[in-house]
Amino acid sequence: MSDVDLTHDAGLTLDGVSAAYRGVTVLQQLRLTVARGELLVVLGPSGAGKSTLLRVVAGLEPVTTGRVWIAGRDVTADRPGRRNVSMVFQSYALFPHLTVAENIAFGLVVRDVPKVAARERARTAAEQVGAAHLLGRRPGQLSGGERQRVALARALVREPDVFLLDEPLSNLDLALRVQMRAELRALHDRLGATMAHVTHDQTEALVLADRIAVLRDGRVEQVGTPDEIWHTPASRFVAGFVGSPAMNVLPGSGPIQPSGAPPAGMAGEREIGFRPEAVVLGEPDGAAATVDRVEVVGTDAYAYLTLRAGNPVVARVPAAHRPARGDAVRVGVHWADTHVFDATTGLRCAA
Amino acid sequence: MLAPYLVGLVGLVLLPAAVTLALAFTEYDLVNPPSWAGLANVSELVTDPVFRVALTNSLVFALVAVPLRVLLALGLALLLHRRSFGSRPARVAALLPTAVPEIAYGLLWLWLFNPLYGPINQLLRVGGENGLTMLGRTPPQWLTDPTDARAAIILMSVFTMGETFVVLLAARRALPADVYEVAALEDATGWDVFRRVTLPLMAPVLALLVVRDLIASLHFSFVPAFVVTDGGPPPYATTYLSLFIYRTGFEYLRYGYAAAATLVMMLLTVAAVVLQWRLFRRYRAFYRL
Amino acid sequence: MGGRASGPPPLSGRIGRIWRALGSLFVLLVFVPPLLLLVSGSLTEPGLPPSPTPQVIPDPVSTAGYRQALAVGGVLRAALNSLLVAVVAVPLSVLVAALAGFALARLAPRRAALIVVASLVALMVPATALLVPRFAIFRVLGLTDTLVPLIAPALLGTSPLYVLVYYLAFRALPRDLYDACLVEDMTPMGIWWRFALPMVRPVTAAITALTFVFTWSNFLDPLIYVYDRDLFTLPLALRSLSVLDPTNFPVFLAGAVLATGPAVLVFGLAQRRFFHHDDQTGRNRP
Amino acid sequence: MRRPKALLAALLATVLLGSGCGSGSGAAADGPVRLLVFGAPEELAAYRTLIEAYGQARPGNEVQLIEASDRKDLLARLATSVAGGAPPDLFLMNYRFYGQFAAKNVVEPLDERIAASEKVDPADYYPVAMEAFSWGGKQLCLPQNVSSLAVYYNRTLFAKYQVPEPKAGWTWNDMVGTAIAMTRDDRGVVVKGTESEGAAARPAVHGLGIEPSIIRVAPFTWSAGGEIVDDPDRPTRLTLDTPIGREALKNLVDLRQAYGVVPTDEEVEAEDDESRFANGRLAMLMSSRRSTTTFRSITDFEWDVAPLPVYQDQVGVLHSDAYCMTRGAKRKDAAWRFLEFAISAEGQQIIAATGRTVPSHVGVSQSPVFLDSAQPPRNATVFLDTIPTLRTLPTISTWPEVEDVTAGILENALYRGDRLDEVIRALDEQTRPLFARGEHG
């Protein structure tokens, strides 16, 4: 819906791209642009078409309509190798029969770069991702994080126009993921390269991205900076997908009446959404609710409530002041903290 | 990249085979031009007692030898897939007979089976008297008794299951370790593990190998019958379809008739393969593989 | 062997190991003696009245069988011809099979299925059905009485089965790896040579060994296509020894030993490779 | 994809180049004459000697020997090469088997060439052999030998056990008696080697070796005044169901079943009769002249030949091989020149020297080359004396099948003791369709 400003001279532009896999349309009239030097994170649930998007850019899947531009060139008809992109696969796709050094240099060697130069560049790339000590090993002898670094180095070594990263962090454990996330961001800043990074992890997207494109059923639901995505989700879907626990969404005429002045345009069927941290417990004119269960996460606690009308609501409270299971509480929220969506289209209303 | 193979496949197999199968409907003696005969050859085959014997022999051979070969290969693969004392030389040993050229293999067994002076019967006679075995029975008459001769041919073919063995060994080693760990946690017995884990997981490979062995069993029986038993003991104890076709076509110059037998043989093979494949599909549906 | 044991043994600990060792021993005892007897038989003095008792070590040990096999059967000349055929046919055959298997694996499923079915049909054709039409083809090409007809089966990878085995092996390779190659702008030929072929080395080893044995022991083809005694291959030489009397068994066993040696050697060398696969994606067939 | 295209191009080039050469060499009439023969290694050596001598006598004329290991391999080669349009120029074949090729017009008639030849005079050859190869009134092949069955016997062994040696005119019963007297155990005691006696009586020496086949039955049936087929020229069935045929069969079977003088099936499979004889453990062997080559290497004992025993008349059965020219031969004239040489006195002397044949050339057969007393058998005239009594088996195109079928039945009769009525019925039933399908010369 968001009208993207398409310039074909950007780092990467998808202009009305549709793609199908086994007869099922996976991407529908997709319009998206990634500025030069920008790190765009494509976020969406499984099956949204994220990987297909990357594969279309790489030329591994054909488009049915639309055009793909990379660094000002129309590459729609080019074969993968001519697009000057590199890709980090979710499985890393390292060649088990080659050493780390050979894996990194692979793209150079097959392009007939002289051996000595290739080796030198592979070493540099390995150093950039902190994998220089691994050069002599084979993929079978590496840990997950090490493989990931090698895959990155292989993508780096050729200095492509666009980096495509297909959920590269999803196979790592949490601590490692957090660390690699930071390193990846730092690497991007250092290189100033155009990157398209695919993930289903909203935290990863928020932390990493210059801009985020939220994908749903093969369409772009919203494109924006992490701030925009978080603070002004363009639809109920985006609002629900970004944030954990998810945003509470209740009928506009419903069981909770927010306090303060309602925004304009509350006519018609509306839904109001508010994040758990916006919920105020113990508001005297709030709606009556009972506490079903309480989860403590460090200093915070999440209280899972059921309103009298039967709607579930999650509230974030300080752990020290958390209610107990079975308590009767009153729940309130400020209009200022709410998002209003059209009940039928799910789109954000007004401001 | 496919071009050379397609040239070979069409030029050296499919086209020649089509020519031969077309000749099945002609009277052709290899010498004079073929003349159209319609189904005369096929209807003659139906009443030909020798063909019937050869057909039965081939079917019995396939029904006995194929399961034996595959089971032996499976047993060996399961026994030897893990490293243990002697497993390496044992693996090589199980492969060796497969490496022996067919004719040499035939000559070797011709001597091993020699009723009086062959090592097998000499071994069987150890401890016995007057040319009898220790149990006081006559040793098998490999080359003169019809049943023993058939057994001899099957025995010969069983020893050359190396190819099947290699594939099964590789398949067994490729099975994921975790399912065996689960089985161990459930305290499953060896038999249970085999029946409920190994067998279903290896079923696709086994099915493929059985199909292959079935197809090849017609070829396996040719050289032994040709070199070792010459189709005998009389009249036709080890005359298999392959030998029947060779003789009819090349020795008696009835190529059209032999081609008809080839046609029947191929149709039977196709039928067997299809049948087997359907059975396997039902099995697969059952296990949801 | 890689030491990657697949799960804990069903029979735990020492008892399991003992059983396995006994099993291995049994296998050795069953499979080795025929070949030992082949060797010991070949070293017996030919022409003597047969010994009524079993002899493992012949008395006297004699190499006369070998001398006669070389003299009477022309085994040496035949061995050279066989070697010539194998040296040309085996690499060519493996090349064709590997290329075709790879191309099949990259082909659209429907077209690949067509060729797979055609290959399966080809597998079912008995060798005897091909002799006469092939002879006619080779004659038209002027190739009878040369070694070319013996090399020709290499054009179809010796057996369509080997093409199918390669097909399955290549298909089992992870798709991401193919894609990674495409991103690097490699030609299909380059992908085959630099990536796919190295990944299926155990398959190549096994198929090379099998192709060698198949070519080496090919009997029907030379029987029909080769006239000139100078072009005889080993199986034909052995065939002419097989008409000797049973009591001349040392002569034909000597011929058999000479014919078997190279095949066993190739198999012995190759099996190290196809049993030794520790790379995780280099799984032998599916 | 550059390389596969190059590969394909190379392949096509090879194919085209190959076919170019092929059509070139196929049409050319030069190159060696190709002669297809089969035989044991010693026999093949004899043919190589012959070809060498030809090369020396006629420099520039080359002959290439195509060797098959046995008759069946030879048939397969001949059949495929004729079908493929590249037959050998000449092949050597027994008259019992050439019928299927003669009937199919594969063999080139030689009458005109014989008439025009200065070297070949039909009158020089034994008529019985020449007639065996005449088909439909035409001389198709020229015989190189006129062998026949004889009884080889171990003189040393006969002397040791003081049994009278076989001599001309002896009867079947004489032969059985002699065989019984010669069947001995390892202490030299006469034993009866029948199954009922138990394995304890396994003889060390057997009295007689004979192959259970129609060609061994035939001469005795004839000798008793019978026939083996209803019409020797146009046979439609075997006539072994006549009293004479039946008796001949029964007597053959009794050799094993009643007297145990011939080795058992098992023993024959373990060691064939020829080597049993050569190893000194068979007193007599009924075989053709070709065994002579093998037996000449015997050094341990003395041996000789005797004529076949008789029922009433002395009758022998012809064993003759001839050179045949294929109709599709590329070098007919050159082939004919070699053929002339091979069956001429000179050529036959070379083959006769190996001992393998009884020369079909009358002059050579009566010359010292054949009757040479330095080499056994001393009594070589036995083969010549038999010639006037020789009869031939029917030459119909399906005769090879008849021999194969009957061999199986007779083998079971001799070794397994099938009921004689069953045997005779099976022989008749199973050969009728073969005779019906056969073509006659």
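By written order: A, B, C and D. Residues from 1 in each chain.
One rule holds for everything that comes next: a residue touches a chain if its C-beta (ideal position, glycine included) is under 8 Å from a C-beta of that chain, and two chains touch if they have at least 3 such contacts.
The model shown is predicted, which means the values in this text are computed figures rather than measured ones.
K.L.:
If you walk from chain to touching chain, how few steps can bring you from chain A to chain D?
P.N.:
2
K.L.:
Between B-D and B-C, which chain pair shares more contacting C-beta pairs?
P.N.:
More contacting C-beta pairs are found at B-C.
K.L.:
Calculate how many whole Å lie between the centre of chain B and the centre of chain D, each centre taken as the average of the chain's C-alpha atoms.
P.N.:
Inter-chain centre distance comes to 36 Å.
K.L.:
Taking each chain's centre as the mean position of its Cα atoms, how many Å separate chain B from chain C?
P.N.:
The computed centroid separation for chain B versus chain C comes out at 17 Å.
K.L.:
Between chain A and chain C, tell me the centre distance in angstrom, where each centre is the average of that chain's C-alpha atoms.
P.N.:
Averaging C-alpha atoms per chain gives centres 54 Å apart.
K.L.:
Taking each chain's centre as the mean of its CA atoms, how far is chain A from chain B in angstrom?
P.N.:
58
K.L.:
Going by the contact rule already set, what residues in chain B reach two or more other chains?
P.N.:
If we look for residues of chain B contacting two or more partner chains, we find 1, 4, 7, 30, 114, 116-117, 246, 249-250, 255.
K.L.:
By residue number and range, which residues of chain D touch two or more other chains?
P.N.:
If we look for residues of chain D contacting two or more partner chains, we find 1, 4, 11, 76, 80, 83, 269-271.
K.L.:
So which chains actually touch one another? I want all the pairs, not just one.
P.N.:
According to the stated criterion, the contacting chain pairs are A-C, B-C, B-D, C-D.
K.L.:
If you look only at chain C, which of its residues touch chain B in the complex?
P.N.:
Residue list for chain C touching chain B: 1, 3-11, 17, 20-21, 23-25, 27-28, 31-35, 37-38, 41, 50-54, 96-97, 99-100, 102-104, 107, 115, 118-134, 137, 152-157, 160-161, 163, 188-189, 192, 202, 206, 209-210, 213, 216-217, 219, 234-235, 238-239, 241-242, 246-247, 249, 252-253, 255-257, 259-260, 263-264, 266-268, 271, 274-275, 277, 283-286.
K.L.:
In their complex, what parts of chain B are in touch with chain D?
P.N.:
Residues of chain B touching chain D: 1, 3-4, 7, 29-32, 49, 114-118, 130-132, 138, 141, 143-144, 232-236, 246-247, 249-253, 255.
K.L.:
Tell me, which parts of chain A touch chain C in their complex?
P.N.:
By the definition above, chain A touches chain C via 55, 58-60, 79-82, 85-87, 89-93, 95-98, 106-107, 110-111, 140.
K.L.:
What residues on chain D touch chain B, complex-wise?
P.N.:
1, 4, 7-8, 11, 72, 75-76, 79-80, 82-83, 100-101, 104-106, 198-200, 202, 265-267, 269-271, 398, 400-401, 405, 407-409, 411-412, 415, 430
K.L.:
With touch defined as at the start, can you tell me which chain C residues reach chain A in the complex?
P.N.:
174, 176-177, 179-186, 190, 194-195, 198-199, 201, 278-282
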